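You will see chain A twice below: alongside chain B first, and alongside chain C after that.
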Partner chain A sequence: MKARTRTNLWFQLALVLTLGTLMAWGPAVPVQAQDVVVKVGNIIPLSGPSASVGLQGKQAREMAVEEINAAGGIQSLGGAKLVMLYADSESKPEKGVAEAERLINTEKVHVLTGCWNSAVTYPVTAVAERYGIPFIVPVSVADKITEQGFKNVFRIAAKDSWWTRDQFAFLKDLQEEFGTKVSKLAFVYENGDWGKGFAEQWKKLAAEQGYEVVLDEPYPSTATDLSPVVQKIRRARPDVLMLVSNAADAILLTNTLAEYKVNLKAVITSGGGHADPSFLKAAGENARYLFDIVEWETDINKPGAQEANAKYKAKYGQNLTGEAVDAYLAMYVLADALERAGSLDPAKIREALAATNYRSGPGMIVGYDAVEFDETGQNEHASLVMVQINDLGQGLERITVWPKGARRAGYTPVFPMPAR
Partner chain B sequence: MTRRHYNKMAAAIVLILAFGLPLVVRSATYLHILVLLYFYAYLTTSWNLVGGFAGVLPLGHAAFVGIGAYTSTILYLQYGISPWIGMLVGGVLASFVGVLIGLPTFKMRGAYFALATLAFAEGIRVMVENIDRLGPFVLNGPRGLQIPPLKLGLGNLVFASKEPYYYIILLMLLAVLALTWVIARSKLGYYLNAGGEEPDAAMALGVNVARSKLTAMAMSSFLTALAGAFYAQFTLYIHPKSVISLDLSFEIAFIALIGGRGSIAGPVLGALLLRPVSDFSRIYFGDTLPGLHLVIFGVVLILVMIFQPRGLQEPLTRAYNRLLDRLAPGQTKELGT
Partner chain C sequence: MLFLIEDAINGILMGSIYGLTALGLTVIFGVLKVINFAHGSLLMVSMYAAYWTVALTGWHPYLALVIVAPAMFVFGYYLQDIVIKPIFKAEQDVREPITVIIVTTGVWYILDNLTLLLFGPQYRTLQDNPLRGRMLEIGQMLISVPKLWGFAAAVLTASGLYLFFQKTRLGRAVRATSLDRQAASLMGINQYKVYNIAFGIGTATAGIAAVTLVPFYNVFPTVGVLFDIKGFIIVVLGGLGSIGGALLGGIIIGLIESVGPQFMTATWTEAIVYGLFLLVLFVKPSGLFGVRYDW
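== the complex of A and B ==
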C-alpha cells in the first residue's frame, strides 16, 4: 500500500514537471520555427578540369543566397534561410552520384542543384528521381537530361538542340528586320561529335524552312591549312555561312575567308572557338560583323543585369558568365517555389517548381523573359543570345543583338555585311 | 553439446544477425556500404573458384562484371527484358567468354596467367569505351548507360530504398557460399586442388586438370556476371570505368589474398575487413588523399603475406577451433576449410 502511494507521488511529480516544461517551452515554439532552414545540396566541379566554371557557379549561388537570406528568407516558412551544402564532383560521374547519395541520405537536403557537366548531371537525375528529391539544373546542355520522363528534374538553361533552333530563329528575324532575303546557306563544321551534331540539326531546319543548302563541308579541326575549304565556300556562293569551330580553326578560317575576299551577307557561328577570348585578338578586324551565339553577354539590356554584374565583379573580381547567371537565377527560382510551397516536403517543393512562372524579380537578368517548366522539366522560355562582333570606337567587342528585347540600347546590327 | 551443435548455433547466430541488420541499421548510407560489402564478398567468393581452388591468380574478373552489367542493362533498356533474365543471359555470355580466355591461358603458369587475364580485361574496357554501337546494341562508349528508375519493383529490380537490395545480395552471397561448400567437397573440388598444387602429379594420376580448370572458370565467370547485373540495377548507372576497371579486378584479388584464398570463409572475412577501410577512407580522405584505400590495402597485404601467408581465415579458424575445444572437449574433429 505504502509502495503504491509512493509510485503515485513519483508519477504526479513527473506529470507536473513534464507539463511545466511543456508550458515553459510553449512560447518558445516560434523561436524554433525561425531555426527552420532549407538545405540545398549543390554538386559542382570544384576541382579537376572544369573547376573554374564550377567556382563561378558557386560564387553566383552564394551571391543570390546572401541576397535572398538578407531579404528575410522564405516568408511562408517563417523566414527560413537557405543553407548551401557544396559537394565536389571533380567532373566525374561516379563522384557526382556518390555525392548525390550522400547529400540526400546523410545530409537530408530538401533540394539538389548542379552539376554543370552534362555527363555528371545525367546519372544524378536518376538518383534524385529514385528518392523523389527535386533537382534544379541551371546549365547542363545535353538534351537527354530532360528526355527521360523524370518528374524531379528542372532545367533552367537552353538545351543542345535549341542552339541551332535559335540560330535559325535569329536568321529569320534578321531578314524580316532588314528586308534582305537569304536563300542559300553553307554549312562548314569541325568533324567531331559537336560539329556533326549541329550540322544534322541545321540540315533538318534548313529543309523545314525552305533554305537551299549549297555546301555541307566537315573538316578536321586540326587542319593547318583551310584554303581548300574556303575555295569551296567561294565557289558555292552562299548568302550565309554557318560555322562550328574550335579555337585554332576558327581563327584560321576567319583569316583565310578575308584573305580570299569571300563576300557573304552574314557569318553565323556557334560559340566554342569563336567565343574564346583568343579569337578576337588573333582574328582582329577580320572577325568584324560576325554573329556568334552565346548563353549570356555582360552588355545585355535587362533591368538589374548591370548592377548584378557590377556587384559580382566587385565581390569576385570577374564578370558574370552564362553559367554564373543561370546559377544565380536558379536560386531565385528555388526561393520563389519554396515561397509558394510553404513546406519542406520535397514532393511539395517539386509541385511548386512544376508550377513555376517566374517573370520578374532580381533573378531575371538572363536573355529570355520567363522561367516556366514544361512537363519534361525544361524551361520553355530559355533561349540563347546572339552577339555581333563590331568596333564602336573602343576596339572590337561583342554586342548583344538578339533577342530584340535584350539588344544593347542604341545599337543596330550590320546586315548584310559590307563587301570586302 | 557436441561440436556440430556449436557449429550450427554459430551459423544460426550469423544468419539472424545478417537478416536482422536492416532493422537496426536505418541509415541508407550504412546500408549502401553493407550492400557493397556483400557485393564484394560475393565477387570474391566467385573469383575464389578459380583464384582459390584452381591455384591460379586471375586479375581480370572485372571483365565479367562488365559483361553482366552491360548485357542485362542493354536488354532492359532496349528490349524491356527483366534484369533477372538479362542477368542469366549475361552469365551465359560471360562463362562463354571465360572459357575462351581459359583455353589458351590455363597453359600458362604464375605471373603469366595473371598478366594475360589483366590485359584481356583492359582490352575489353578500352573496346567498350570506344564503341558507341555494337550492331543493334547501344553501348554509349565512355558515357555509359543509365537505367531510369521509373518502374519500381521486384520484376524490374529497381527499388527506392536500400533494404530490398540488401536482402537480394545477401541471398546471392549465401547461395554462392553454399555452392562453394558443395564444390569443395566434390570430385571437382579435389581435382582443382590437386591440379592447383601439383599439376604434373595430378595429371600423372589421370586427373584432367585443364578440363576441371575450365569448368571452374565457366562457373566463376557466370556467377561474377550475375553480380554485375545486380550492381547495374543497384547504382542505375554503369560506364566502362565503373564496371570494367582495373581497380575492381585488383580489389577482388586483394580481398581474396588477405582473407585467405582457397577457403570458404576467406573472401567474406576479407570483405568484412577491407570494405569498411575502403569506404571510410573514401568518406574521410576522399578529397585530400584519393586512392588512399589502395595504399592501405597494399600495406595490409604485405603484412598478411609475411605473417599469415594463408590469409586471415587461418588464425581465425584456429581460434574458433580452440574455442570449440574448450566448449566440447575431447572431440578433435577438424573443422572444414
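== the complex of A and C ==
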C-alpha cells in the first residue's frame, strides 16, 4: 500500500514538473507560421426564436473571415488564420454562459464574440471578465452591457439610449441644413415598455434642447381606431411628430394622419412597425416623407458597402442587415487588433482592442465613420442611420439621409413635408 | 364644442361598426347559449374573403357583400353542422354546454394559424378603393366616409335581423328554440337545423362587418382578436342576445374611445371601458338592454 502511494506521488511530481516546464516553454518557443491559428468563439442564437438573426450574424462573420484569411491572415502572427467556432445560445442566458465556459476552457479560444440577445450577452460578459478573455459584442443594445466597469467587453454598435439621442441629433442637423426652425414636438407612442422608454428619453432631450412638447400621448397598440389620437395631434399643431409604433398601429396611424390631412414639418419614427416589411405596402403613398431610424440600410453611401452587399446577396440570397453589418465589421476590428497585438495572449489582444482606432478598411461599411472604444468598451462613434421614405420613380423606398457622410449620393431630404 | 361634436360623430360611427362586429356573437349566444370564441376568427376569415374579392375583381368594396355574406353563411352553417353539432348532441341535457365553448376556442386557433400559414403575417390594406381615405368636410369638421357607410350597414343589418326574428316564420322558430329547445322540438322544429341557421346568420353578419372594415382597416391573421375582446364587452354591456343592445353597446364604447382621449390619454379610455364593463356586471348582470328572458 505504502509503496503504491509513493509511486503515485512520484508520478504526480513528474507530471507536475513536465507540465510546468512545458508551460514555462510555451511563450519562449517562437511562433511557427503555419501552426498558429486565432480561435474565435462565437456565441449566437442558431436555433430558437432569434435563429434568423443568428444565422445572418454567422454568415456575415464567415464572409469577413474568409476575406481576411484569403488576404493572408494576420501578418504580425506570421499569417495566422482566423478559425471560427460557433456555439448555439438558443437565445437562452444559461446556455450562453455554459457555452462561454466551454469555449474558453475546452476549446481554448482567444477571443469571444456574440451574443445578439442582450439577455445572453449580459451574463456572458461576466464569464469573459473572469477568465480575462476579450469579448467583442457586435450588436446587443442593452445599455448595461458596457456599464459594469468590465475591462474585456467591447461593443461595436450603438446602445439603446443612443436611438433617441440620434433622433434628436438628426432633428438638429435637419434644421441647420434647411434653415427651418422646429419648436413644437408631439410624442405619440405605444404604451408598452418600448414606447414608454423612448418617450422618457425624448422628454429629457426635449427639455435639454429647448423644445416645447405640445402633446405626450401613449396609446394602446391594440387600438382598433386611432382617429381620436390623430385628432389630438391635429389640434395640438406640432411641428414635428415623433412616433413609436408596432406594425398594425403604425399603418393605422399613418393612414389616419393622411385622412385627417394633418400637416407636419416632419414625422420621425423609431423602427419597429415603421420598419416592418409590410408597412410600405400597406400604408402606400401615405408613408411618403416619413423619417425612420435604423441600424443600417442597403443604400448606405460608404466605400465598399454596395459591393459587400452584392457579394453577401450572391452568397446567401439576402441583403445585409444591421445585425450582419456590425458582425462583419467586428471581424475586421478584431483582425486589426490582432495585427497590432502581434500575440495570442488574451491580455495583449485586450490592450490592442482598447487602443483601436479603425477608420477605413473593408469593414467600414456602417453609417458611422470610426470604431474607437471608450473606457467602458463602447464604440463612441457608433450611431444609427436615418432614412426617408420617398418615391424616386421606382416605387417607395427607404433612402439613407443621415449621418450626412452616409447619405445616398445626389439625394436631398424633403423637409419640411409638403402640405397635404 | 365643435371638437366634441366631431369626436362624438366619429365615436358613434366607429361604435356602430363595433356593434356590427358583435351582432353575430349576440345572435349565436341568444340561440345556442354558447359564447362563440371563434367569432373574431370568423370575422378575420371574412376580412380575408372581402379583401381578396375586392383586390382580385376591383369592385366597389361593398359589392363584395354579394359574395362574402352568403359564403360566410354557408361556412358558419357547416361549421356548426359538422364540428359543433356532435358536441351538442353529446351534451344534450345541459342548458349552457361548456364543451362547445372549448370547441369554438379550438376553431379559433385552427383558423388563425391556418391563415398565418396560407397568407403569412403581412398586414394588408386595400389600396385604391373608392372609399379609402375619403373624408366628408363640413366646415372645420372631418368625417370619415367609409365609417359612414359602416354606420349605415350596421343600422340596416341590425334592423333586418330584428325584423327577421320578429316577423318571419323561420325567425319565430329560431326564437322558439332559443326560449326552450325541448319544447320547440316537441312542436316539430328541427332544433339542430335551427342551430345551423343561427350560426350561419351569426357568421354572415361577421361577413358584413368585415366588408365595412376592409376599406379602412388592416387585414392580418390576428385581427380578429382585437375585435373579439371588444365584442364580448359590447355584448355583455348591451345584454347577451339583444340585437339593439349590441348596437347601442358598441356605440357607447365607440363614444368613450373617441371623446375620452380629448380629456385624458388614450390609454385611460381602455380602463374606463373595462371599468364600465365590470360595473354593468355588478349592477345589471343581464346587460343594459338585456331582458330577463332571452328575446
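Here, the second predicted complex is superposed on the first by the 387 of 420 C-alpha atoms of A that agree within 3 Å, B and C clash if a C-alpha of one lies under 4 Å from a C-alpha of the other, contacts with A are read in each partner's own complex, and residues count from 1 in each chain.
Basically, a contact is a pair of C-beta atoms (placed from the backbone, for glycine too) under 8 Å apart; a residue touches a chain by one contact, two chains touch by 3 or more.
The structure presented is a predicted model; accordingly, all values stated were derived computationally and were not measured.
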Overlay on chain A: chain C relative to chain B, clash or fit: fit
Greater chain A contact set [chain C / chain B]: C
First (chain B), second (chain C), both or neither touched by A:105: first
Partner chain in contact with A:37 - chain B first, chain C second, else both or neither: neither
Which of chain B and chain C A:131 touches, first, second, both or neither: first
Contacts of A:94 with chain B and chain C, given as first, second, both or neither: first
Partner chain in contact with A:219 - chain B first, chain C second, else both or neither: second
Contacts of A:229 with chain B and chain C, given as first, second, both or neither: second
Where chain B and chain C come nearest after superposition, their Cα distance in Å: 21
Set intersection of chain A contacts, chain C complex versus chain B complex: none
Residues of chain C that touch chain A when the two form their complex: 3, 6-7, 10, 14, 18, 121-125, 127, 133, 135, 142, 144, 216-218, 220, 223, 226-227, 229-230, 254, 257-262, 265-267, 269-270
In the complex with chain C, residue positions of chain A that touch it: 191, 217-220, 222-225, 227-229, 231-232, 235, 247-248, 251-252, 255, 258-261, 276-279, 281-284, 286
Interface residues, chain B side, partner chain A - complex: 27-29, 32, 143-144, 146-150, 158, 160, 235-237, 239, 241-242, 287
Residue ranges of chain A in contact with chain B within the complex: 88, 93-94, 97, 101-102, 104-106, 119, 122-123, 126-127, 129-132, 148-150
